[in-house]
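See below for the structure under consideration.
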């Protein structure tokens, strides 16, 4: 790390000097933290390390993932590793991909005021309000696609005056879309049938009985799909 | 060039017939509309408290987004959406406090520039009833049509400024005449249908609806038209309920004005979304 | 943001791009590959390993970091633990809340078992979540499980355990269908046909994916389903030691609530160990793509209980870890980038290796390019080579990178690098534990009552796993573990619980004079330093 330059950050109002430009996660560890909560994949996929911060002289609340956000001079920050959320239980197989399903499980989506705070806080930069709007009018497909990159960190939930749990609405829409809207793969169903009927058992047994030398030869000679 | 169009949530679910027939009839008249790329619920009900700014944010954003399109107008057909959007725009235009609060929160410059238009106004002002008259077939000839406005299109008058006389609008009757049908006037045309009370005080709404229906039928109406999804639902669906208890009750079809206009313009019937109507209008229209 | 010097070097890559795009770099055969691996793969580096001094694999040479864990005392002092007070009494205990554990829990519950899942961090905090590129299954017309079998064996150096590979490839389409039924949003064509691409070492396009969030999509879907089915989950409560009964069968575990520091005794008729891998041990001092919790906990607990390890001396280095910018060094650049056509290019703008060889080979070739041939780039963490990502949009059309690799794009964009416009710098990074606890095709170990699934298990991948077979592995063996455990417990009676195996292990360590370390370590310690 070219860490000659140090900056001051304030972790929950306590000042620490950390190398400039390192991620907040590494900066916190450098400062002496050993995470139990607030740290997960460290690669921007799991949503464990949602972080909010402000900079001096700026009223705006900003957000990021601690594992992706870089330390800058004067940041005041706190992690939000958990936020209580309402989650509905359902049997996906029984559901239909339409508005009534969404309203049955998450009627609170109709409370959306359009304040857009969810979108502003999203560390993934998703149009959260707009996917909730799509869900609110039963456009499951649109909500599914728009929410796809959601990592379920919960920062949107922490900011919603209508008390909506956006990410749970999102996953309901995605699962409805994946199960009930986009057609099933016919080639997949066919292959599963073939496997269950034992179609490949003989060929597999034959291969399993081959020596390393025999396999090496077959392997080197195998044809490659372009 | 396409005019920005805000369908509203109900038109994507219960009232797809209004959405379909609006798009189809406007297209048949050479008016292209383009749905806003992203939009939220308008808020449905205009907040009664003047200082409830949060309840106006969604509508303000929709108006602002529309102002960024080139046309300068925004078309919406649902009476509820029209009411909320128009009143929020009016407040932004005329009340400095509201304007400041909303534009500061949304971080946008906006002073009510978007011109909100209802398709009835488009038909009157852009197409012109004289022109329309020349484009229609004669399928509606002789059919007596009652125009039902309800509350949302024109009230409160000072803010809505709908038609020449808000308490006695006539634009729909003029449209009926231009379509080649016969407009009948009836005194309940701006009476409330009971609105959301259908969920809570059902009996009251049945009473109101029956009054409206009987009033129209007494004037000889064979069909009622409206632009409001909730009015349409109340007037239409409740007839089924009335008929279950009163076998002598004569049903009357309740259509969106755009559906009737579609018939007059030879728009294929499958584009008019008539299948969701409870009282079947087809016998009358094919009659 | 690239340095001025790097921006100059990018011009070299751009100059050769047009010519390179028409070239296909020749593939290598098995013999050439073996030579390359012996020369440059970290597994074969002098001093990387030492023999473990006790336990079922006594005398086997393993990476130092693994041996350190194995030559460590039990977390608990067996004499101090009261095993009479049972906190949870269940049919099946699943240890680990990633993809394998969740699949196992769902299937065990479906089989009628009362299931408890205990996980160290949150449910879903696992390497599964981070698997970006895809999952293999031979479900297309021109493909078959036997063709998949051959690819897997070749990838693993023909050392894989045949019955495990057969299970892997045969269950693959079944698992994909299972996920399809759960509504996982695989990339599909409008008629429902799966969109599939190549991965390193595949002879057919059989990599199914969901943008570059494939693992995340699978994990969150499985987790949602487990929640719908009411599977009981204890979060932040890792297992620290297995329990046995007087018959010698595994019969539960001791859990440790990391927040309250309280211990729980769980009695179970079967235990499914699904604790994942070990990247956070930083084998070979390498940065890693792995999850914070990848600390080989299941390996040591199973080992103390007497289970044998296989192929733990084979570590997978992913060829394309981030080498620049420094803030995210070692993080994963999915193989899908190469699957979509990006070439590996040296400092002189030359393509130097077939981009979709197996991972062990590609990693070795990159190391050779930098170390032996001196044609790597210098970056603050050492060396790297170019991965010519802008080729993707040129081949597939503008916008493909952002559409197909949104997570990758977002990560680099965060640091001012537009990977659809400029190439990126990569170097091999510690990615996967190829081996683990030896299992059979029912996910059983040699120890009665102990099942293993996922990265914690060993044998299926031989010495090198192919891309897209880990997401598959967790499902195949997670499901098998769950189903078999649910069946097994119908005839299991648990006797009196004890920790004798742990006590004996401690005594042996005392004899060897190895009584300083304690494991599992649960979480890595990066305090007061800058680390991976």
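In order of appearance the chains are A, B and C, and numbering begins at 1 in each one.
Heads up, the rule we're going with is that contacts are C-beta pairs under 8 Å (C-beta built on N, C-alpha and C of every residue); 3 or more make two chains touch, one makes a residue touch a chain.
Values in this document were obtained by computation on a predicted structure and should not be read as measured data.
Student: Which of line, ring, star, complete or other matches the graph of chains that touch?
Tutor: The chain contacts form an open line.
Student: Please identify the chain lying most centrally, where each chain is represented by the average of its Cα atoms.
Tutor: A
Student: Which integer distance in Å separates the CA centroid of chain A from that of chain B?
Tutor: About 41 Å, centre to centre.
Student: Roughly how far is chain B from chain C, going centre to centre by Cα mean, in whole Å?
Tutor: 58
Student: Using mean CA coordinates as chain centres, what's the chain A-chain C distance in Å?
Tutor: 19
Student: Would you tell me which residues of chain A are touching chain C in their complex?
Tutor: For chain A paired with chain C, touching residues are 1-3, 19, 21-23, 26, 29-30, 32-37, 39-46, 48, 68, 70, 87, 89-93, 124-125, 144, 148-149, 151-152, 171, 174-180, 182-189, 191-192, 195, 200, 203-204, 207-208, 212, 215-216, 218-220, 222-225.
Student: If we count contacts the way the header does, which residues on chain C are in touch with chain A in the complex?
Tutor: These residues of chain C touch chain A: 29-30, 121-122, 124-125, 127, 129-130, 132, 137-142, 144-147, 149-151, 153-154, 158, 162-163, 165-166, 169-170, 173-174, 176-177, 180-186, 188, 190-194, 198, 203-205, 210-211, 213, 215-217, 220-221, 224-225, 227-228, 230, 236, 258-259, 289, 291-292, 326-328, 331-332, 380, 406-407, 410-411, 414-415, 523, 525-531.
Student: Write out the stretch or stretches of chain A touching chain B in their complex.
Tutor: Where chain A meets chain B, its residues are 99, 110, 112-116, 127, 129-130, 132-133, 136-139, 161.
Student: Can you check the complex and tell me which residues of chain B touch chain A?
Tutor: It is residues 9, 12-13, 38-41, 43, 54-55, 57-59, 61, 105 of chain B that touch chain A.
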